[in-house]
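Structures incoming, each one as structure tokens.
The following pair of complexes shares a single chain, chain A, combined with chain B in the former and chain C in the latter.
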Partner chain A sequence: MTAQRIGRAGRAGQYAALLAYLVFLAFPFLWLISTAFKPPRELGSLHPTWIPEDPTLANFRQAFDEQPLLRAAGNSLVAALAAALVAVVIATPMAYVMARNRGRLTTAATGWVVVSQAFPFVLVIIPLFLILKNFHLINTLSGLIMVYVVWSLPFALWMLVGYVRAVPRELEEAAAVDGAGRLRTLVSVTAPLLAPGIVATALFAFITAWNEFFFALVLLKTPEKQTLPVVLTHFLGAEGVADLGPLAAAAFLATIPSLVIFAIIQKRITGGMLAGAVKS
Partner chain B sequence: MISATTTAQPEKSTSRNTRNTKGGLAADHGAWFLVLPALIPILLLSVGPLLYGIALAFTDSQAGRTEPTQWIGTLNFQDLLHDTLFWDSFRIGLLWAVGVTVPQFLLALGLALLLDQRLRLRWLARALAIVPWAMPEVVVGIMWRLVYNPDAGILNETIRDLGLGVGRDWLTGLATALPAVIIVGIWAGMPQTTVALLAGLQNTPHELHEAAALDGAGAWRRFCTVTWPALRPVALAITALNFIWNFNSFALVYVLTGGGPGGRTRLPMLFAYEEAFRYGQFGYAAAMGCVMVAVISVMLAFYLVGRLKGSEDA
Partner chain C sequence: MGVRKPRSRALTAAVAALVLLVTGCSGGQARDDGTIRLRFQSLAWQKESVDANKELVEEWNAAHPDIQVEYVQGSWDSVHDQLLTSFEGGEAPDIIHDASDDLADFAYGGRLADLSELLPERLRSDIPEQSWESTTFGDGIHGVPFLQEPRVLIANKKILESSGVRVPTAEKPWSWAEFRQVTKDLTARMGEGKYGIAWPLKEPVSVTLNLGLSAGGRLFHMGDDGKVTIDFTEGDSVVPGTIHDQVDVDGSASRSTLGMGGSDSLPGFFGGKYAMVPLGFSYRQQIVQQAPEGFEWTVLPAPAGAGGPLQGVSPQTLSVSEDSAHKKEAVQFIDFMLRPPNMVRLAKGDWMLPTGIQALKDPALHTQKDGWATGAALAADLRPAPAQSVRGYPEWKDKVATPAYQEYYSGAIDEDELRKRLVEDGNLVLARYQR
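Up next is the complex of A and B:
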């Protein structure tokens, strides 16, 4: 903490440690990008280099030729957008009640949020598979979206409860004193203050669904319906023999949306985790 | 996420507590109206399937079967007890979960302590530290396969450059596969852990820190007497959650090794997935899920007891 107490050697040590962390955290991603731009000759070489000697976009073209990436990205986009929208629309009112009201319902909901973190998905996926099959929702995006909505709810509720608590109750009470009804207060006082938090939560739910693999693997059978993460695994082929260039190119492209959105909401997510963690 | 452990703004929440007991929305039917749109999907697609899954564990349910499913009591569990492949997988799952969670916590603690200092480039480090969080697990797996690739991978190339040998095929070696995937697991879970610990650090009382420094306490002593007691609840919560998440993890190892070589990295989730969706043994796989839940519950119980003890000490 107190900077003047730490000697120059200590400071240098801290920077060295920080550098080591940054290398550890960044190098796999840099290697992915490097591989994505390498021509086959360099990929087959026994002395791979960090910077491609002869950078090429051929891997990207080949990736699109080999697998239906655009269609998969479209499926992912539809699933993630729908799941994020529905999740915040139904989670916001519930989070409001959980934040403002301390009844049995709130206790039960909080319990579910915590317990749902400990479910092994395998115990849930078999019944979900059977239920969705009964309703002919296997191998449909609608079925997958329903599952995504429910599985993004714990984190969405967690974040939103924190954001609602941050809206001072006094503001709502003042509006009530001024003669605004319950609904009017919610719409014109509380909602605008919550808006940034709701957007951040929706974006986080979007990333979660965009990145999700397990449910999509089990629930989507035909290639026309599959989402991006599932299609990416098709590049791996049998016995782990993979065409490295297109694999890296496709993986790099699939990550960009998540990274961009994460960069936008990064501060709010870390802040939201804190807010949700404030002892109730 | 961090559960209700950090104690920022205690004065505010207590003042609210007293007001909340006065009813407010509690006796209000409007509350139900607000809750139902989320509650119905939760009951139908989360709570319901969970109970259904537990029930399935006591049946002979199979995929694509014509005759009706029957109750078979605890037969699945008796079979499971003698299924050495499952227990091998379970042992690997525990090794993996501990092997990832413990180093992950120590590394993240170090990083969080560094990021809490007033260092230059701290913003860059903070941004980079959470990048793995944003990546699809499948991409993380693919990325590390490129790193571990025996010919074109950077790891073997570095080893050759340093003259430490010719390297090896990390992910298919019987001895190296599990350690190799554990390192990926550590890497992938660093951000959540670091963010949680950093949040905890920022709640530690700075005045105490300065007072201890004035009294001549060294950095290690200050960490033990001031930082750690304040951080302890967050640390317990995040390690417990990490343990659970890691034990239940699937996508990373599925992409990296598919459970190979020779089942050396076959985590319980992969095992149960194959049992259910490759061999169609729904009932048996559900029983595996139940055993996993039981173990996790025991772990959670230990964690809660630990937390209670911690708050008694404080």
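Up next is the complex of A and C:
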């Protein structure tokens, strides 16, 4: 009985902790949504409310009037999709090799992948800028995509190595016994089981590129090429002053693609992971 | 287990579409028709200001088919890093909008053109010498100062008028001692939980140094050998001492706003929690937008001390990249942008004051509405912000002065400790830059 009570109390505590964490995670986003629909006078209120008292779409209109949000979103979408696609195409075979062949080279490569995560943006931006300039890739989305691919590759690789290792080697051996060659095994046996991992990795690369600001700021010069995070900063003035309403409206819109994509594929990620884990 | 072909085809199609999009978005070749093309990176961000800048660029382009200017939007938030990398890569814009306190490293590093020989006499003589000092580094002029804003006291009109205190004017501002007494009186009248003043001091250094000029504070002193050292004199202690006493002795300044930016303090101001807030002149636009219906406010000059109503400013500037192949044309464009009527348009768009003598005479900048007249009356007393041209100032500001002032204002350290940190630690920092 006492153990049952403790169990219930523990479960209640777990739910409370989970709820607190969810509130913590959701607070900035909910506040952003609330701000996006508030008129300027409510933004300056001493007693702000969660639900706008006089909701308005004026911030959205102003944001679209003042900045080329659609064009910037299009640029971001192209850069993020291309970066995600190229990153997984490159990372998948690499991850397979690193997961299946354990040797000194693999250990060194894994170490290098981990170390490369430690380089800050500012350390690489000037050499990158000069290299891209020599290849006439400054102020092009192609150049930016290359940078995004290189930047997301180490972590993508790291993620995929974990997914490949989770696929039982026995399945590949069984396929080999049935007469399948290496390539056939990889394509028909391993790849389908890796699909959730590839999707998760692509999602990571997409969101990283979609949100990235500094490389885009430095590498893209003309307004026609600028991506959404760069355009969002145009609502910021000197000394931290911001045009808060339009900024919140534009930022809210900028988060929607990531949310939608995640909502669509999250079930597939978890479902796929389970399917890969159990041998039927 | 077989690979599903429709999905494969869809993937191939998606890749092809993406490749087309990417290549379609790649940079095109510049036309070589003899037309000079300049890139102007503007940091204008408020709608009126962006509109004014774009309109002026369009007017220039219409009148100068052989010198076409492309408007490029930059951001105050990231301009330093963005320019740094652009200069290193030789891809900087031809005409650069920035602020004078951000130019020192670029100017001394040879990234910004010396405009001394390029500026037309009309522009040179239209801008007062004290403004040119803010963009003079070594022997060269590396930017044209064109907009500036004094720090003013934005006051709740009803509270101020009902209190019976003397209302200061640009001609007869409060002394620092009188200001302290006024905030005490206002606090006493307003009741518990309310304050005569709120100091939003998230960035305490520039506010303290700029206002400190009025009390004779200089902090940075240049020796005969040309080296700059820091000394904390009696004049340097007046402004920080007043703020410290208001917060920690009198309780007439809100402690909670010390870590806030200017915008963060506005809800409390609108809600009647604070009678006054010291803010940059351009904050008036936010106040007009956000103030509740019927809220009455007024603009007062900042207090004055032994140095008179002087205060430091870091004007917005237009510079030309040293790498620009068309410096002469770039300066022609700057001259056009800063003709008196155009300077007025830019000033009104940014809710700031023009540096130009002719522009400042414009009647639109002398109306009582929204406090324009008070600001315009202060223009003659604006000086270059102290230390903005001192090498090592950014590091001193971030590593030494900001934490020292923040701790002093919150009451964590006393004036002796503040002096010790600013001077001893500060001189060590400056010495590294002046070897």
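Miscellaneous remarks
Note that in this section the second predicted complex is superposed on the first by the 223 of 280 C-alpha atoms of A that agree within 3 Å, B and C clash if a C-alpha of one lies under 4 Å from a C-alpha of the other, contacts with A are read in each partner's own complex, and residues count from 1 in each chain.
Basically, a residue touches a chain if its C-beta (ideal position, glycine included) is under 8 Å from a C-beta of that chain, and two chains touch if they have at least 3 such contacts.
None of the values given here were measured: they were computed from a predicted structure.
By the touch criterion defined above, A:130 lies against chain B and chain C together after alignment on the C-alpha atoms of chain A. In the superposition on chain A, A:197 makes contact with neither chain B nor chain C. Once chain A of one complex is fitted onto chain A of the other, the partner contacts of A:47 extend to both chain B and chain C.
By the touch criterion defined above, A:233 lies against chain B and chain C together after alignment on the C-alpha atoms of chain A.
Using the contact criterion defined above for the overlaid structures, shared-chain residue A:96 touches chain B, although it does not reach chain C. Taking chain A as the reference, the larger set of touched residues comes from B, when chain B and chain C are compared. Once the two complexes are overlaid on the shared chain, A:218 sits against chain B and chain C alike.
By the touch criterion defined above, A:162 lies against neither chain B nor chain C after alignment on the C-alpha atoms of chain A.
When the two complexes are laid over each other on chain A, chain A has residues 43-48, 122, 125-126, 130, 213-214, 218, 233, 235-236, 240, 242, 244 in contact with both chain B and chain C.
Against chain A, in their complex, chain C makes its touches with residues 1-3, 14-15, 18, 21-23, 25-27, 39, 43, 45-47, 50, 70-73, 75-78, 81-82, 85-86, 88-91, 93, 99, 202-203, 261-263, 266-268, 270-271, 273, 280, 282-283, 286, 289-293.
Across the interface of their complex, chain C is touched by residues 40-41, 43-48, 62, 65-66, 75, 78, 81-82, 85, 122, 125-126, 129-130, 133, 136, 138-142, 145, 187-189, 191-192, 213-214, 217-218, 221-223, 225-226, 230-231, 233-244 of chain A. Taken together, the chain B residues at the contact with chain A in this complex read 1-10, 13, 16-17, 19-21, 24-26, 28, 30-31, 34-35, 37-39, 41-42, 45-50, 52-54, 56, 107, 110-111, 114, 117-119, 121, 124-125, 127-140, 142-147, 149, 151-154, 157, 160, 171-172, 187, 190, 195-196, 198-199, 206, 209-210, 213, 219, 222, 234, 241, 244-245, 247-248, 250-251, 254-255, 258, 268-269, 272-273, 276-277, 282, 285-286, 288-290, 292-293, 296-297, 300. Chain contact summary for the complex, chain A toward chain B: residues 1-3, 5-6, 10, 14-15, 17-18, 21-22, 24-29, 31-32, 35, 43-48, 50, 89-91, 93-94, 96-97, 100-103, 105, 109, 112, 114, 116-128, 130-131, 146-147, 149-151, 153, 155, 157-158, 165, 169, 182, 207, 210-214, 218, 228-229, 232-233, 235-236, 240, 242, 244, 247-248, 251, 254-255, 258-259, 261-263, 266, 270, 273-274, 276-280.
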